[in-house]
Structure formats: C-alpha cells, structure tokens
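Note that the chains take the letters A, B, C and D in the order they are written out, and that residue 1 is the start of every chain.
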Amino acid sequence: MKILITEMLEERGVTLEDIAKIVLEIQKSYLPNLTLEECIMHVSKVLEKRETQNAVLTGLVMDMYAEKNMFPEPLQTILKEDKGLYGIDEILALSITNIYGTIGLTNFGYLDKSKIGIINKLNDKTNGKVNTFLDDLVAAIAAAAASRLAHQDEDVVI
Amino acid sequence: MKILITEMLEERGVTLEDIAKIVLEIQKSYLPNLTLEECIMHVSKVLEKRETQNAVLTGLVMDMYAEKNMFPEPLQTILKEDKGLYGIDEILALSITNIYGTIGLTNFGYLDKSKIGIINKLNDKTNGKVNTFLDDLVAAIAAAAASRLAHQDEDVVI
Amino acid sequence: MKILITEMLEERGVTLEDIAKIVLEIQKSYLPNLTLEECIMHVSKVLEKRETQNAVLTGLVMDMYAEKNMFPEPLQTILKEDKGLYGIDEILALSITNIYGTIGLTNFGYLDKSKIGIINKLNDKTNGKVNTFLDDLVAAIAAAAASRLAHQDEDVVI
Amino acid sequence: MKILITEMLEERGVTLEDIAKIVLEIQKSYLPNLTLEECIMHVSKVLEKRETQNAVLTGLVMDMYAEKNMFPEPLQTILKEDKGLYGIDEILALSITNIYGTIGLTNFGYLDKSKIGIINKLNDKTNGKVNTFLDDLVAAIAAAAASRLAHQDEDVVI
C-alpha cells in the first residue's frame, strides 16, 4: 500500500524528497546535523500509517475528480476554487498529524500558513490543476515527519 | 444552502425528523419536557453551520459515487465495505461536532457505538446501498444538536 | 515513570486491573477469546505513552488539590462539583485517546456516557472524594487500550 | 466571569490590547482596513466563551502554583521548565480554538511557532516567572479572534 501511495503522490507532482525538504527546512535550526536522508526516512514511516494512507487515497481522488469537473454543484466550484471556508481538506490532513500529538498539530498550522517549498508551488492555480487537498496532505505529512523527528530526539518511539 | 443539504439527506433516506428523534431519545432523560419540535429546531440550526454543510456535501458524494462503483481501487472496496479502520467517515463527521466542544464529541462517540434509530437502519448492508459516510454524518448532526440543547439549558448560545 | 503513574492511580483507588476489566467488557463481543491478561498488557502499554503520563500527572493533582480546597474560586467549586460544562477534564483525557485515531475517540465517547465498572464508582460524589479528572482519565486509558486491541487485530502496531 | 478572566490575564501581564495587537498583525495583510478597536472587540467576544474561561481559569492557576513551587515532582520541574514534550498547555489552548473550526487551529499552530508580540515576551524565562500555560492561552485567544474575523468577513456568525 505504501508503494501505491507514493506513486499516487508522484503522479500528482510530489516526490518523497519534496516533502523531506520541507521537513529539513523547518527542523534544521533545532537539529543542525539533520540530513535529507533522515528526513526521507521519517516521511517514509509516516506513509506507512493507515491514517496517512486513507487520507491520501481519499484526498487525491477528490482533487482528480474536481479537475475533471466530475462533481455536482456547489461542491465542484468549491473544490476547484479551494475556497477558504471549505475546511474538509484541512480536516483530512489533520487526521494524519493527530496521531503525533500536539507537536504534529502546531507544525501543520505553521506549514499551512508559511507554504514552504513544494506547498507553495501546489497553490499556483494558473495551470488548471486542482490541488485543494494535496497541498494540505503534503503539509500534514511533513508536519508528522517533523514531529517524529522531535519525539525521537527525546527517545520516544511513535 | 440549508434547503439543498436537507434535500440531499432526504434523497439518501434521512429526514430532519429522523435525526430529531435520535436527539429526543438521548436527551429525554435529562430534559423530561423536551419535545420533538424543539429537537427539529436544533437539528435545523446545526444544518445552517458551514462545517455541517461542507461535511454533508462531501460525504454524500463519496457514498453516491461508491454506490455507482466510480472510485479506483482500493478506495472503491474500502468505501463499499465500510471497513473498520478507514476512519475518514468519522473524521468528516467530527468536524461537525468539534465546534460544539467536548459534549458534542462524547455524544458522537456514544451514538457511533449505540446506533440508535435511523443510524441502525443505515448500517444495513443487504440492499446495495452505500452509507459509509451517511451513518456518521447523521450521528454527528444528532450529537451536535444534543449539545446545543445541553448548552442552551445553561444559557449559553452557540 | 510508568511505575509512578501506576502508583498514583492506585492511591486514587484505581488499579490496572480495574481499567483492564472495562476494556474486556467493551471488546469481548468482538473478540470472544480475549483474556483479562491481554487487556492488562494493553493498558500497561498505554501508560508508557508520554501523552498518558502528562495527562495523569496533571489531572490527578487537580483532583487532589480540589479535594483539599486549595484552588481559588470559582475554579474550586467548578472542580468539586464536576460541573457539566467545565470540559477541561474531558479535554485532558482526549489527549490520551487522540494518538489512537478515531476509534480511540469514539470508544472514549461511549465510555464517558455508559460509565462501566470502576468509572461508575468514581462518579459517586457522596464520600467527599473529588474525581472530576480521574473518571475521564480512566475512560480514556480504557478507550485507548481497546483501540490498540482493535488495531492489533488488523496487524497494525501503535 | 469575563471581567474576572480579563483581570486574571492582566495580573499575569497580558492586556486585551496586547492580544488584539497580535490579531491585527496576522490579519492586516488580508484586511487592510482592520483597526485595533475591531480586534479588541473580537478578542473580547472570545473571552465570553465558556471554553475560553475554563481554559484560562485552569491554566493560570497551573502557572501560578508552579511559580510558587506548589506541585509535587516530576510535575513541578516539567511545568517550571516548559518542557517541549509536556503538551498539556497546548491541549488546553486548543480547546479555545477548536470551536472556531480548522481556521482557528491553523492560526494557533502558526502563532505557536512564530511567537509574535507579547507571546515572545512571555517566553522569556530569565525572570522567575512561569508562563508555561499563559503563552499558549494568549496564542489561542488571538487565533480564535482572528478566525472570528475571517468567518465574519464571509457573513458567518460564530
């Protein structure tokens, strides 16, 4: 299942390395010796979680079907325009970070606002692509991986 | 929008009165003078909330497309069989109860397990219908309405 | 730390076995071969989690100081009378179940309402004891242990 | 009760205006005509919510008693040093933002990391003061007020 999830993300334009770079960016000030390889490993572990897999399976189908105008109105327009008060995209993403405690949650809130790296690119709406769910899923996976790192640093295994 | 949401629920076999009956059932021991009319009014207020509307719009489309076998695997099978560890249906439903504080949340947990009234009927999988999201949405709307009642009883307006 | 937490719970009148009995009660219909020993093992694992330890450390001090009338008003009265709309006791308890996904959460909601076993005894307010936090902590630990069991049954390790 | 809560915050060094300034700071790029007076009004509305009042009542007592070394170990040291993996301070704060939907939550995550204005001052640990709970409560109240503003802008009343 993890391979399928990884492939689905890649087809939508996001590699594990893209997500790992965000993790490195937000954690390097706390952990100066942190490498991209370690970040990739933590991202990979987050993708093994059933909560992550269910959220990605569901969210990416929503993006793809919205891109193909397959939803009835008003949902179609809400998804295509990524309206600020929709919130289901963040809700789905939060199901990934929840299992990493409050650190996962605050990391997600920060990434959701600061839009680092690939997240910023996904928000570009000029190319017909719909990434309403994907940007939040990527932020959540990065936030969860960063939380794994922080917990691990204090000898906690999640 | 509330009218659209109400119609969508009715098309899937759930009336406001069905939901209000659940509210009456779980609150009548605390509030012996509670009427079905009052419960309908509180359910109606919950349907005015944007969080409720977004969750219903999204969840019912998921159920309908799963019923028509429109999703790729493995999502199609997961949704059709309402697998215990999917969890996105409950996640969506919780976004409705969250705004009513912890009372909303514990009410939802209780309804999700005890499956009172129409919720029990929706869980019947012998008729080809897919209600993977609908049963949790109904439980959440009833839980939210029950929480409104409980808060109101102590002069809090939500 | 787990030993300290276990002792603190025992001093407040709750043994691991008391909590395990609740787990057995709510899971035995799904898992007929489940033993009390297995339930104790899962409760024990939940007590190893930092989230559980922090919630227990904090909640039990609140109960003990409320019992000794050590808080300023209006907090003292709110805690002593376990007022329905306080909610911080449930909030703390939910931090334990959150890391076990939505199953943890719905299990908690169910236990919080149905008050099985020791939880019912803790709600007895006729003896001067204050268990405002303890009853929710016990429900949350039992709910978390039950979720571990359910996940394990499908080869997921938490 | 709102007056008591406001006084408690002031005694711990935080005025409504301090919190309103954070709201203004994070919202002025979206709403260029926003005034400090409006922000104060929204902060004031958040302080009327029972969830806010319970969280402030509880968190400030924790800070004050930790400052006076009134807690048993290991809780006393955990609170005094505001250890990264404690998390109960954020949990309490999140109970304030939860009722404002996901916007409240992501705003809180952002403020918790970026530590704007008074929040930064509260994190100064060189003066013997314990603000383990206060910094998160202030971030949460500001996040909730910012969410009220955002919702209001789209004609939603919370």
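Here, a contact is a pair of C-beta atoms (placed from the backbone, for glycine too) under 8 Å apart; a residue touches a chain by one contact, two chains touch by 3 or more.
Since the model is a prediction, treat every value here as computed from it, not as a measurement.
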item	value
Result of counting contacting C-beta pairs for C-D and A-C, higher pair	C-D
Separation of mean Cα positions, subunit D and subunit C [Å, integer]	27
Where subunit A and subunit C are represented by their mean Cα positions, the distance between them in whole Å	32
Shared-contact residues (touching 2 or more other chains) in subunit C	50-51, 85, 87, 91, 94-95, 101-102, 156
Overall pattern in which the protein chains touch one another (line/ring/star/complete/other)	complete
Interfacial residue positions of subunit C with respect to subunit B in the complex	84-85, 87, 90-91, 94, 101-103, 105-110, 112-114, 150-151, 154, 156
Subunit A residues touching subunit B - in the complex, by the definition given at the top	1, 4, 50-51, 54-55, 57-58, 61-62, 65, 71-72, 74-75, 78, 85-88, 91-92, 94-95
Complex contacts: residues of subunit C adjacent to subunit A	50-51, 95, 98-102, 156, 158
